[in-house]
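Chains: A, B, C and D, in written order; residue numbering restarts at 1 for each.
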Amino acid sequence: MKDCIVRMENIVKSFGSVRASRGVNLEVCPGEIHCLLGENGAGKTVLMSILYGLYQPDSGDIYYKNKKITIGSPKDAINLRIGMVHQHFMLVPTLTVAENIVLGQYPAWKVLSDMPAIQEKIYQLSKEFDLNVHPEALVQDLSVGEQQRVEILKALYHGADLLVLDEPTAVLTPQESEHLLSFLRELADKGLTILFITHKLEEVMQVSDRVTILRDGKAIATVNTSETNPRELARMMVGRDVLMELMKKEGESGEVIFSVRNLNVKDEKGLPAVKNLSLEVREREVVGIAGVSGNGQTELALALAGLVESQFDEIILNKHSLTQKDLSRLNHLGMAHIPEDRQKMGLILPFSVSENFIAETYRNEPFSKKGFLQFRTIKDYSNMLVKKFSIRVGDVDEAIANLSGGNQQKVVVARELDRRPKFLLVNQPTRGIDIGATEFVRQQILAERDAGSAILLISTDLEEIFALSDRILVMYEGRIMGEVPPDHNRVEEIGLMMAGKTEATA
Amino acid sequence: MDLLPGILFLQSILAATWRMATPILYAAVGEVFTERSGVLNIGLEGVMLIGAFAGYSVAFESGNLVLGLLAAILSGILSGLIFALFTVTIKANQIVVGAAFNMIGAGITGVLYRVFYAESGKVLSLKTFQPFQIPFLGDIPFLGEVLFNQNIMVYATLLVVPLASFILYKTAFGLSIQAVGEHPKAADTVGINVPRMRYFGILIGTTMASIGGAFLVLAYADQFVEGIVTGRGFIALAVVVFGSWSPWGAMGASLLFGVFYALQLRIQAMGSVLIPYQFLQALPYVVTIIFLIGLTKRRVQSPKALGVPYK
Amino acid sequence: MDWANLRTRLTKMLRSVWSPFAAIPIALLLGALVLLAAGYNPITAYEAMWQGAFKDRTAFTEVLIKATPLMFIGVGLAVAFKCSIWNIGAEGQFYAGAVMATVTGIYLGDLPRLILIPLVLIMGTAGGALWGMLAAYLKNRFGASEVVTTIMLNYVAIYITGYLVTGPMIETKGLFPQTPKISEAAWLPRFLPPTRLHIGFIIAVLVAVLLYILIFKTSIGYTIRAVGINPIAARYAGINVKRNILLAMGISGGAAGLAGAVEVSAISYRLYQLISPGFGFDGIAVALLVNNNPLGVIFSSFLFGALRSGAEVMMMTAKVPSVLVSLIQGFVILSVVAFGVYRVTTVEKEE
Amino acid sequence: APAATQAPAAAEPTKAPAAAEPTKAPAAAEPTKAEAPKETAFKAGLLAPGPVNDGGWNQTAYEALKKMEADLGAEISYVETEQSPAAFEKAFRDFASQGYTFILGHGNEYTDAALTVAPEYPNTFFFLSSSRQWDPKVPNVVGLNSDSSQPCYVFGYIAAKMGKGAGLIGGMEIPPISESFTGFINGAKAADPNFPVKETYLGNWTDTAAAKEAGISYVDGGADFLLGNADFATNGVFQAMAEKNVNGFSLFGDNTDKAPKSIVANYILDYGEGLVELAAQVKAGTFKPTSNYEFGLKDSKVIWFTYNDNAANPVPADLRKEVEDLVKKIESGEINTLAK
């Protein structure tokens, strides 16, 4: 048998009636970058969590460095030199970087008197790998990208031989992703083995040595990256052909539906995050806002949805001038909003699927009559949406928490689009969802545009911006740096603007 | 107005402040650990009562105050184990279990006290920890009386708070406690045993609360009385929030509460103030609300996982 | 509604209701151990307790009378807890309601019965609601934790009551601190003479049913629950979170205030310093015991009422201290919890 | 130390016609409430507002009950009622329906409930402590007041003669407490109109620590006499006396051992002495009250006080003499201890 660092055999794991892993086999060679690919809910995270000791498999064996082992807890994994960077960051926001890194590494009675030395060591390590992390910073003050680097540093500090990264690029900007991928390559070249989960096929093609495809809790194939192509990977993943390029119809944009003049928004800490921003969105048009995350996009979206205070000279929706007060009930005035964090902002998790469908309309006829909810109507309506948006769910009375990420996102999209908005604000619509769902969501957005909606799309995923936008605005430090048409030849120009160069100087 | 009576008045208030604050302080510092580990124990009142009874009965029977204190500590550990069994292992709603503890505390101490002491005809008082002057320091005018003429359990707070702060912020244990209260899953992924840390957080809280309860009988009053805790467990809960979940903050908040409590007793005793005494009695509680309003401008967040059972 | 659906709903409700009862034997067993250890005969004690609660019609109505304030408070708290507002202040809200009801019943005593009775109840409700909404306001406006403010407001309400009955509202200066009796026109009718069972009990059951419908069947309840589970998502959906916090505390405080008003207008007819023996705290357990289901509260408050009611007779005839009941109540809660039927349903915050 | 003020026991408490009347004619009507089989046992019940082991108010009543058990062979029982009026009526009924003919509600707060229940049980007598209740229309509800203001008047007088200032610490503001304080203040003013006396209320009966702190605050303010009347919490006042080495008094029982150097006098209330005679008449079926009952210093078997000769500052002999005169004037009604 070939030399391998990890071999998982016939791993089975169920959660109640959910069968997350149904006998998975996986082999990883030392020093390789091995990608795991699969739709939402295919069982990638569960499999990796088993490897990291977070879950115990119901049955199946794990061999590590040619020894059969059981990994009872993350502690065991760390001792075996397995590191993991989780899909949702596992950092304690109120502690410093250094404290997070040493967390759990010492016996309880240990007095952390040598913190300066530890910080120095972390600092050195950070320099060695060019990670640019300040050990004394509080994690809650860090950007998402920085937090991720802390996660990687944590694993390296613990001396990992095998590093598992669960969708590390889902929350990163293109530049950050780029940087991360080349960094992973470097690590692999130094001998580290890397297991890498992603939904982005370009990344798989770019960085991995081999790919294992999971579907419905089973590993259906492992292939050498050099011997495959994105189209084949997509087909194996989804079980059908996937459109790799969306068909965007050319269409004439109409009159201005939404416009904002001189918007100013402060962030949580009271610092200006959006500065004198003006833009307009027309009928039958997608305006994309590109930019590195942390440049005020979140605040822009929050302000337009009326969820934070903002100052502006004028906001006009559908020829009506809006006040601050109007903003908080914009969804009653014809705006729909797909928020960037579906679990935190978009959904009420213990509620059922159908209760989530009516989150904005529950008060209106026919869902509510004289204040009483009309359960029959709501259920019929939900079943209709489930069918129309092909959401995979057993029963609309099921709690939405049981759905996979992609299907949760589809619920949000279905709810918002079904309101036939005049103006649609979309923030990171496909973050963290698989290519099948991504394709579907993007198609829906375009369909909405073709039906006449004005759409403002915020995304850090340049590819998504290009795929959907009719016009691209680049945002940097709270300002719009300039406007560019979605012409692939002008990617470099956009990149420069995202880094702060104005149109004129670019 | 004469200056001297003014100073005496102030001195008297301040000396009383520290004493009044002490039982609350013990309970609150412990609860800081409990809440920092993500568990809310509204049963402190009951736990303190049990501690007071255990401390009293053992000290009374043995004639040894230190044994009494040890018994209180043991009772605190036992309370903590039961509380943790329900809230951490069984993962029950913490407020339900806390409410149950308050009932059990009142019930069990009431029944036992009646059975063993109420009709015993014995003299039920014991010799409490006495105030002692610290040599030299105790002679300093003003400060001497305020700071250096207290009993050992009051002095001990000067040790407890820095120690608690040190443990919470400067030891691996403290970091783990903070981590399981803030982001238990993150703690889990670095190999921290979340339930175990929460057990510890709870145990520290109940043990300290029991000491606070025992303080009332071993170092303040000299015998157990049903309901002797009189709401101090609830005040301690408020003090934890008010002190932004830090040991020093808890000390500050307890002292603040103490000062207003002492003040209201003294204003009543002056008798010349025309405010109805009930308004004076409400003063510490109103002031707590007012300060809370002022302080929450700082927006100190509660531990994120507070009240949420882990998995 | 189809049958399968109805059945699952019924089973769900039954489960939340039967668990407290299933837990009783265990709690009684634990209590028996304590009794044995303390040198009492548990069988005599429990028999006396049973007699005290269920001996005859009068005893049984006394149980219902005892359950009434707990029911009001419990259903109110269930609403607040559903909205994730940790109202520990039902005790103070009860006092606020009792004060307002007494004031109305005394100073507007000349009004005709048909007007006065509803007015007394409404004013009591308003008193409790305002006291509760004060905490909600402090939470909304200043971010002050309601756990703390409601505890503090309990004390404030109790002291204000103390002031009123020893000062401005005292019946006879120098005598027992109590207000005069409220006007007879404000007395709640009794409907099962010679027992004391009053229409307050029926109102309590009605309120429980109404709040059940409100929470689970109406759009208002939908918003309250949504805010309780995920305030951020609720805000995104255009729900006014602060207004709902105010509303939930208003309902919760109002129910507690109504309990106070009913206690005054049906039982005591006047205000005393310690008019509540801790109803507000028992109410917390009553609500949580049945997972904040308002219909369940009808049963859990009945259970607590029976325990309390039986305890007095147990003390009289078996000479067992009535504080034992607190212990048994605590045991009931813990054994319900241990049955594991009731688990927390809040979201894992970190995901 | 024998009681200094033992006036001749006039056996006056029973103002009712002497027990010489024929015992055969029982109460006005003989309603045939069929409780025949139980009639053999005489049962006495107590409704107490707090634990009967409080060393104060509730305990005096419980001890009275035990005296009935000892002297009259009564079957006794007590119930600690919830502090809720809702509970009172039921407790009265529970007792009455079980054949208790002597029921004591130990506090004025039981009045409403007693008046409501009494007509249903005309053969049962409902006594109310700390009450001046008397209504010929409800003759089986009888108020009993033991006048603490009288001994406290004497204490106030002693304090003002011996000391610099006094602090009074009460649990809650109810008549048994506030009247005792009024008596104390009147007594002090009689001795020295400028003598500083102040009162503090704790707002509860259990907070021993606060009671102690209140005592200390008086001492820090210059007082050298303390009086606590706060049930359980009174213990804290004793402690404050002992710790701060000032003088004080104890109420209701002999608590000298709680502050042996500090307590200069104890006011003793032997409620049982007062009650047992009434109970005997109830038992015999001869009890026919015509008014409420007031116990005062004149009822020297019920209310008296003792000095502590071992105190650091015992009451001097000449002062004791003055006190004897004072007591006579109080007994004769010449001094109204409750005057405003």
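Just so we're on the same page, a contact is a pair of C-beta atoms (placed from the backbone, for glycine too) under 8 Å apart; a residue touches a chain by one contact, two chains touch by 3 or more.
Quick caveat: nothing in here was measured; it's all calculated off a predicted structure.
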Revision key, fill the gap. In contact with chain B as well as chain D, sorted by label, we have C
Check your understanding: Using CA atom averages as chain centres, what separation in Å is found between chain A and chain B?
Key -> 45
Study note, to complete from the structure: Averaging C-alpha coordinates per chain, one finds the centres of chain B and chain C separated by a number of Å equal to 28
**Study point:** Chain centre separation in whole Å, for chain D relative to chain C (CA means)
**Key:** 36
Study note, to complete from the structure: Among chain B residues, those touching two or more other chains are 110, 114, 183, 185-186, 226, 278, 281, 304
Exercise for review: List, in ascending order, every residue of chain C touching at least 2 other chains.
Suggested key: 159, 162, 166, 321, 323, 346, 350-351
Point to revise | Residues of chain D touching at least two other chains | key: 203
Exercise for review: Would you mind giving me the full set of chain pairs in touch?
Suggested key: A-B, A-C, B-C, B-D, C-D
Review point. For chain A, which residues are in contact with chain C within the complex?
Key: 88, 305, 307, 328-332, 337, 339, 343-351, 355, 358-360, 362-363, 367-368, 371-373, 375-376, 401
Point to revise | chain A-facing residues of chain B, complex | key: 170-173, 175-176, 178-179, 182-183, 185-193, 304
Point to revise | Interfacial residue positions of chain B with respect to chain D in the complex | key: 8-9, 11-12, 16, 19-20, 23, 110, 113-114, 117-119, 123, 125, 128, 130-131, 216, 220-223, 225-228, 230, 261-262, 265-266, 268-271, 277-278, 281
Study note, to complete from the structure: chain D residues touching chain C in their complex are 45, 77-87, 89-91, 93-95, 98, 107-109, 111-112, 120, 130, 172-175, 178-179, 203
Revision key, fill the gap. Interface with chain A, chain C side, in the complex: residues 1, 217-220, 222-223, 225-226, 229-230, 232-238, 240, 345-347, 350-351
